[in-house]
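I'd like to ask you about the structure that follows.
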Amino acid sequence: VNRRPIVSVVGSSEVSAEVAGLCRELGRLAIEAGYRVATGGLGGVMSHVCEGARAAAAYREGDTIGVLPSYDASAANPHVDIAVPSGIGVARNVLLVAMADAVVAVAGGSGTLSEMAIAWQLDKPVIALCPSGGWAADLAGRAIDGRRDDRVEAATDAADAIRLVALRLAR
Amino acid sequence: VNRRPIVSVVGSSEVSAEVAGLCRELGRLAIEAGYRVATGGLGGVMSHVCEGARAAAAYREGDTIGVLPSYDASAANPHVDIAVPSGIGVARNVLLVAMADAVVAVAGGSGTLSEMAIAWQLDKPVIALCPSGGWAADLAGRAIDGRRDDRVEAATDAADAIRLVALRLAR
Amino acid sequence: VNRRPIVSVVGSSEVSAEVAGLCRELGRLAIEAGYRVATGGLGGVMSHVCEGARAAAAYREGDTIGVLPSYDASAANPHVDIAVPSGIGVARNVLLVAMADAVVAVAGGSGTLSEMAIAWQLDKPVIALCPSGGWAADLAGRAIDGRRDDRVEAATDAADAIRLVALRLAR
Amino acid sequence: VNRRPIVSVVGSSEVSAEVAGLCRELGRLAIEAGYRVATGGLGGVMSHVCEGARAAAAYREGDTIGVLPSYDASAANPHVDIAVPSGIGVARNVLLVAMADAVVAVAGGSGTLSEMAIAWQLDKPVIALCPSGGWAADLAGRAIDGRRDDRVEAATDAADAIRLVALRLAR
């Protein structure tokens, strides 16, 4: 069985125009590389990544997944193809990470920090988009704890992030 | 925003050859009608529905979703395009229902019964495939409790089940 | 390690005065028998059971647990000692059952039905208080599916329910 | 309604003898102050805190809660009075935080980091036991993001941690 990998992108619900551009590029390149993208389904990073995914030449309907905290599918941003209104509140952060083959962090406050930490705990590759700031930048290049031999991968831009995802998935 | 509806099919992990055939027909017709199908991702009804979905002329990769109880994506049946290894155990039954626009029950023991009950509680249309037996047949035509004015829809075959889904989603 | 067993009582959020009396008796006798009681923490059966528990001679603060669907602990009924604002919505039904050593069902609509089905699936003893009606009465004496050799125990009154719990926990 | 507050203590599953002593002191003082303690129910910090709680003069059976990732209550450490075998895996980290009135972090790797981040996100007071090292020490005195006006409280020892919990709960 050879399923398309899922890249979950975690990040802030409000970002600058510059970071929004990085997110669109990240979403687009993830799809061009053959991945599906999953996000928390709401605004900011979550929306920009899905928007970028849809702009990819390789995009097909079904490539953007949004895992929502509430039971209300209509809360999903308009670029989400598959809304998952989980109803489990903040625990949807865990679900979003659990379903990922790799996690890319962009900017990020406490929610993103929790997702990076859970990704580490669940032994998922974690890639941080450094120029986006936030917890992504803070944890880039660091080992979150001693249980793993690797580090949070430090990506210099969106293309580098997808390159690092591919490297990690090839192992 | 006009997302393709998700039909979650809930049912037994072991079924007769006859019910397996009903499941494949159900999966196929769901895709031909424009829906995405979600199941619990394992064997029996879950596998046959996904297999049928893939046999539809309208099928596109990404149309079959499997919401697994464990963190192990490799537990998904081979016909699942999008594996969601939730790690939340039996609570994935709730998730599978929460993400549905309509729920179709086939045969079914206690797991399926819980899913029909939760679907009722979450105000989702519930359609029971009568000839499959199990809890689907037992609850067909009944109101599970008094909070709703409708009933579990009794479908006489796979085509009737998809017709009833369409009727309910059109409301 | 010898922890006090937890009896989760599942049931309707609105009940008659007669059933309310049965619930208070059930809660009281559960505590007198040395159990802790857990409920969904809201009204109706959930509240009456906790109220009864507090009226037991053997009651000690901490004996009533309420597992709430929201993050709002203040939603718990006033007889709950330990509020667990889970934030996982309807999935708290699964949690309430998972933490139980035995499950007693009283009256009950779709939520209760889901909890009885999940208890069966998780291999917990299920006792139904027959005179309360609802799904408890409907499933009393039945096997929910073929995976177990036992049946939903049919209790004729609150004392009988606690006697059946004790019998099952003694195995 | 005046329920006893729940202090959830989050921390590493393996700690030094020195940190173990801090944990026992923390557990003991939490009970003496009138709180109930909740942990993840397993070893290390989780076990030492429960052990300390039981050594308090004010301790009563029911004062130590262990929220386990699996469905297996027997996995709880022997000092847990109320085992909650949640079956939701790592998502139990969210549950442990959601049920808390205040969260105290001790040492800590990725699991603890996720719990501190979620506590911040759910607007719970977060107190870090500085001398224990780990993520507790790293985040002490910091704001995890800009959504709140406060900081992770930096406690110099167990008594200071409980003093800070009391201060925060008094607001």
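Residue numbering begins at 1 within each chain, and the chains themselves are lettered A, B, C and D in the order written.
Heads up, the rule we're going with is that a contact is a pair of C-beta atoms (placed from the backbone, for glycine too) under 8 Å apart; a residue touches a chain by one contact, two chains touch by 3 or more.
Predicted model, so just to flag it, every value in this text is computed and none were measured.
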{"item": "Contact distance in steps, from chain B to chain D", "value": "1"}
{"item": "Distance-maximising chain from chain A - centres being C-alpha averages", "value": "C"}
{"item": "Between the pairs A-D and A-C, the one where more C-beta pairs touch", "value": "A-D"}
{"item": "Listed chain pair B-D, B-C or A-B that repeats interface C-D [over half of contact pairs the same by residue number]", "value": "A-B"}
{"item": "Centre-to-centre distance between chain D and chain A (centres being mean Cα positions), rounded to whole Å", "value": "29"}
{"item": "Whole-Å gap separating chain A and chain C, where each centre is the average of the chain's CA atoms", "value": "41"}
{"item": "Interface hub residues of chain D, defined as touching at least two other chains", "value": "71, 87-91, 94-95, 98, 122"}
{"item": "Residues of chain C that touch chain B when the two form their complex", "value": "88-91, 93-95, 98, 109-111, 113-114, 117-118, 120-122, 134-135, 144-147"}
{"item": "Chain A - residues contacting chain B, complex", "value": "1, 3-4, 6, 36, 60-63, 65, 71, 73-74, 76, 78, 80-88, 91, 94-95, 98-99, 122"}
{"item": "Contacting residues of chain A [partner chain C, same complex]", "value": "71, 87-91"}
